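Here is the structure we will look at.
By written order: A, B, C and D. Residues from 1 in each chain.
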Amino acid sequence: MALTGILRTGLVQLRVLDFEESLVHYRDRLGLSVVGKIGEDRIMLKSFDEFDHHSLVLRRADSPGLDFFCFKSLDKQTIDNIAKKSKEEYGYPVDVMTGHPGFGEITFVTVPTGHKIGFYWEVELAAVHPMLVNPHPWDKEPHGMGVACLDHALLCGPNQGETVRWFTDCVGMSITEYISTPEGDGHICTWLSGNTRGHDVAILSYPEPGKIHHLSFQLQSWDEIGRAADIMGRYNISVDAGPMRHGITRGQTIYFFDPSGNRNETYAGGYEYFPDHPTRQWSADHVGEGIFYYSKELNERFLSVLT
Amino acid sequence: MALTGILRTGLVQLRVLDFEESLVHYRDRLGLSVVGKIGEDRIMLKSFDEFDHHSLVLRRADSPGLDFFCFKSLDKQTIDNIAKKSKEEYGYPVDVMTGHPGFGEITFVTVPTGHKIGFYWEVELAAVHPMLVNPHPWDKEPHGMGVACLDHALLCGPNQGETVRWFTDCVGMSITEYISTPEGDGHICTWLSGNTRGHDVAILSYPEPGKIHHLSFQLQSWDEIGRAADIMGRYNISVDAGPMRHGITRGQTIYFFDPSGNRNETYAGGYEYFPDHPTRQWSADHVGEGIFYYSKELNERFLSVLT
Amino acid sequence: MALTGILRTGLVQLRVLDFEESLVHYRDRLGLSVVGKIGEDRIMLKSFDEFDHHSLVLRRADSPGLDFFCFKSLDKQTIDNIAKKSKEEYGYPVDVMTGHPGFGEITFVTVPTGHKIGFYWEVELAAVHPMLVNPHPWDKEPHGMGVACLDHALLCGPNQGETVRWFTDCVGMSITEYISTPEGDGHICTWLSGNTRGHDVAILSYPEPGKIHHLSFQLQSWDEIGRAADIMGRYNISVDAGPMRHGITRGQTIYFFDPSGNRNETYAGGYEYFPDHPTRQWSADHVGEGIFYYSKELNERFLSVLT
Amino acid sequence: MALTGILRTGLVQLRVLDFEESLVHYRDRLGLSVVGKIGEDRIMLKSFDEFDHHSLVLRRADSPGLDFFCFKSLDKQTIDNIAKKSKEEYGYPVDVMTGHPGFGEITFVTVPTGHKIGFYWEVELAAVHPMLVNPHPWDKEPHGMGVACLDHALLCGPNQGETVRWFTDCVGMSITEYISTPEGDGHICTWLSGNTRGHDVAILSYPEPGKIHHLSFQLQSWDEIGRAADIMGRYNISVDAGPMRHGITRGQTIYFFDPSGNRNETYAGGYEYFPDHPTRQWSADHVGEGIFYYSKELNERFLSVLT
């Protein structure tokens, strides 16, 4: 009973062009901490309020983008069920990665949008994690923007509808909101939650497979959004849009770019979702308001720049 | 998978001495809306961000206090399982209430702390609820303190340990935090969550059965806590403690009293809990810091005034 | 000693196309209160935290724009000195208006940018004003965006340098910040303060005389800026830019339009200026950053839409 | 014209018992920076948003308390006038200190409450000060509580009325608020402003001369007040009261103690005062509400612990 199965976004691997400038961005500005290296081409990081070994891997590569996106699960049974059903009923490729530092087996399903979605349940407690005995809210004051944890991602690719069906039917998530196509024959974009967040993942219909629109990091308040914006302003981080509110999920947000061109989001607020809540529906002509609640107009970059 | 079983605090019935001053308090100050009356001695209210028919019932009586405290559940099976196990394994009284306006059957278990804990899953959509089609964050601007929804309660009574065991074993909640007795042979107080809140209910060891320390209403930010405090100051609402932060749950809070003497709380923030998170432990000598994180000292009223 | 001479922006008359929609905007959304009418074509309004009779006059006209912009002064001597010097040393037209409801004489100087700048010192205490005996922060909870008072305006016209010289030499204001022309032979825009605000008025070089870029209303915090943005989003108020911070003055801001096309600003924060502070200087290539601190790019509307 | 004469609180010398723990408090927690030492027994500090050489001197001594409290003035004439009038009309001792590092002459007047009130106008620009060319809001991110500058002090001593008269008549300040004695024959406490702050100094009637109730540091928002409280909680700084709002001045505040027992305040908000605003009046029976707007009760420590 209570929260079962899939818990939350827990591990993401992003491609970046350069380590030095990426560390300035993710460590010094967003406020993550470096956990260590994997070989020569990967760096592990985590946020101050996460318990698990690490949550973000930056891999040095020739082009930016997403390698994989994983959910922490409560138990092995959940993952076995997803793997079996994905293979047998959906016919999706399933493979298992072992040996990722600090993590047990990670089971990957390649979904029709072209993304590798992973699931794991065994992971070591991080060396530095929130206090447990007579705990202070934080032990060492968060630095930079002080992001608390990974929050969600917006993934883009073809076959949006199929992938959404898999997320609901096979992974057990709920559709919290969606934007209908103008013809009303499907969704342009669908928001999915497996906990009480407005979304753990959103799936946008897009011709190219395996793309990521943004990876989102959690902040605690509109005020922290404002402080994050000040840090972006101070250090000339390229801001795409915001500070603003989304109509969809009600989240308070800034979109900005890492030095490699990956879009990040700092995200706060948003409603507390429960699976008995009705699904919220958006018509295609309200998409501007749904994403950019204040200006009500998408900027061009928002729709065209993906990695 | 995902959030199953028990969803959240959904319906509470409180006793109040007088309707007129109670409506000024709960409707005009906290910002609830009146849904209607049940007979002559009960008024139904709800918060602006709740979907269900109503969430708070005020019953006119000779003394303040709690009549019952209910959780919304995802399905009938969850409730049947709890009822069966409570009766057969725990030997606790179970009874069913029908005919509560807007609600299907409510199944009550009387627990050893002396409280009637209810469970229901069928309830009508409220006449006024959050928007669902191209929704604005709110349709009509929230008034007063603008509380969003019920959050949790702190219940007090004897047999704390037994009741906690029932909440974990039978209801499926997790212990998020606890304060040990000085002797280390049990808990003074235990915080329990069935979703991602730091707590849905907390159980305090207390000699008298069936008592409530406070009923908590959710706000969205420290800034809303400040605005709520301004409203309390303006209208001479009796403030018990705060604005402050709790060490336990990290929530930002104000304790105050309704005109009948029931303690209310406006609560915001707090960490996002997941059931894979380790339990946080407090020793008895840190209880001041756990509750009153800034002053680190409980006031006397906090420990002695219950209804 | 202390604050002398010119106190603050105190009375502004704007032209609007329609009263009904203007009242929805200024009264219901910004949160001003209607004080009364002057004849058939003017409405007087004030903010909740102002003591004086009224501060904003909306005049029904065929085109939007600014009629006049007035400063409250501490005494008659200040105004007499300004009038005399403006006439004798500057040769600027000076005229006196009497009979404005609630106000004593208002002395107007027409400056080379084409604006009528007024000065007055006698004004009646408003019927509804902040409490004075055992005062609450507010008596009746502010509604809508809850703007506290007028803050400043950005005026546009030719002869920027001359008008700035008059504001410093004749009115006694200080230059807090300026943007140099690319050639370095003058200012594109100059910010001027007569108290501790980052600016009471700013003067932008522009070919057409007598134009206003925006009239600014004061809010108290970034959080109030966010709530104002929510109200703009809810009621489809046309947002020009923001929420954001200015590099210049550090103010936190939203630019938006009233139904007649006049640009408004809700403004909070900004540093506390003192006349011993050095003047801050901006080069022409940093103008984007100076105004739009986060995006660092002006939008086209910002530069072209004036009334 | 505009702001003349006395500008603001600019230099304060406090006595502390120990340097090491005082530096942890003022430098690491409040977020001041060390400017240097004066001999072996004094340390100079400043806040990130101050332009002048330094603003706080900590002097190592056997008992805590205030050595002197100084105002920055706009010019020499202001100070000469105050000195002359203080000596000739008031008969107060006047002495001049030279050689204070970074400062020109400081002229002290010893007032009947037993405090040394200083005035200076020449001071060097600090080595590290707010940016002036294409300035960012901050160059290096503020640390700790990030106090912006000195704000005000509450001074306590006998002859409150005489000292207040001197502050208004001789220094040129305005009375913004006062609490009447129960008999109505004078003030228990008076708040005085020489700029747009709700107060630069307040004078409390107290039998012992030369006492300080608290020295106040400026923060920018209720949110910064909350973050300051979190830092106090984390590092076991002794909190006296708050976070809360004052009825008087409307400021948002926390009172807490430095390791030597001097009371500090972090202060934000409060109204923008202008000298044409009416004086706000409090009756003695509303003193609790005036200071502790939420609880409406002074704690005993507040009235008895002074240094």
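In this section, a contact is a pair of C-beta atoms (placed from the backbone, for glycine too) under 8 Å apart; a residue touches a chain by one contact, two chains touch by 3 or more.
No experiment lies behind these values; they were computed from the predicted model shown.
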Chain labels contacting subunit A and also subunit B: C, D
Fraction-based call for subunit C against subunit A, same above half, different below: same
Most distant chain from subunit D by Cα centroid: A
Whole-Å gap separating subunit B and subunit C, where each centre is the average of the chain's CA atoms: 47
Subunit B-subunit D separation of Cα centroids, rounded to whole Å: 43
Residues of subunit B engaged with two or more neighbouring chains: 136-137, 221-223, 230, 233, 245, 247, 289, 293
Contact set on subunit C toward subunit D in their complex: 1-8, 49, 51, 72, 74, 78, 125, 130-137, 149, 171-174, 193-197, 218, 220-223, 245, 247, 250, 269, 271-272, 274-283, 286, 289-290, 293
Touching residues on subunit A, where the partner in the complex is subunit D: 136-138, 141, 221, 223, 230-231, 233-234
Complex contact set, residues of subunit A against subunit C: 222-223, 226, 229-230, 232-233, 236, 239, 242-245, 247, 252, 254, 289, 293-296
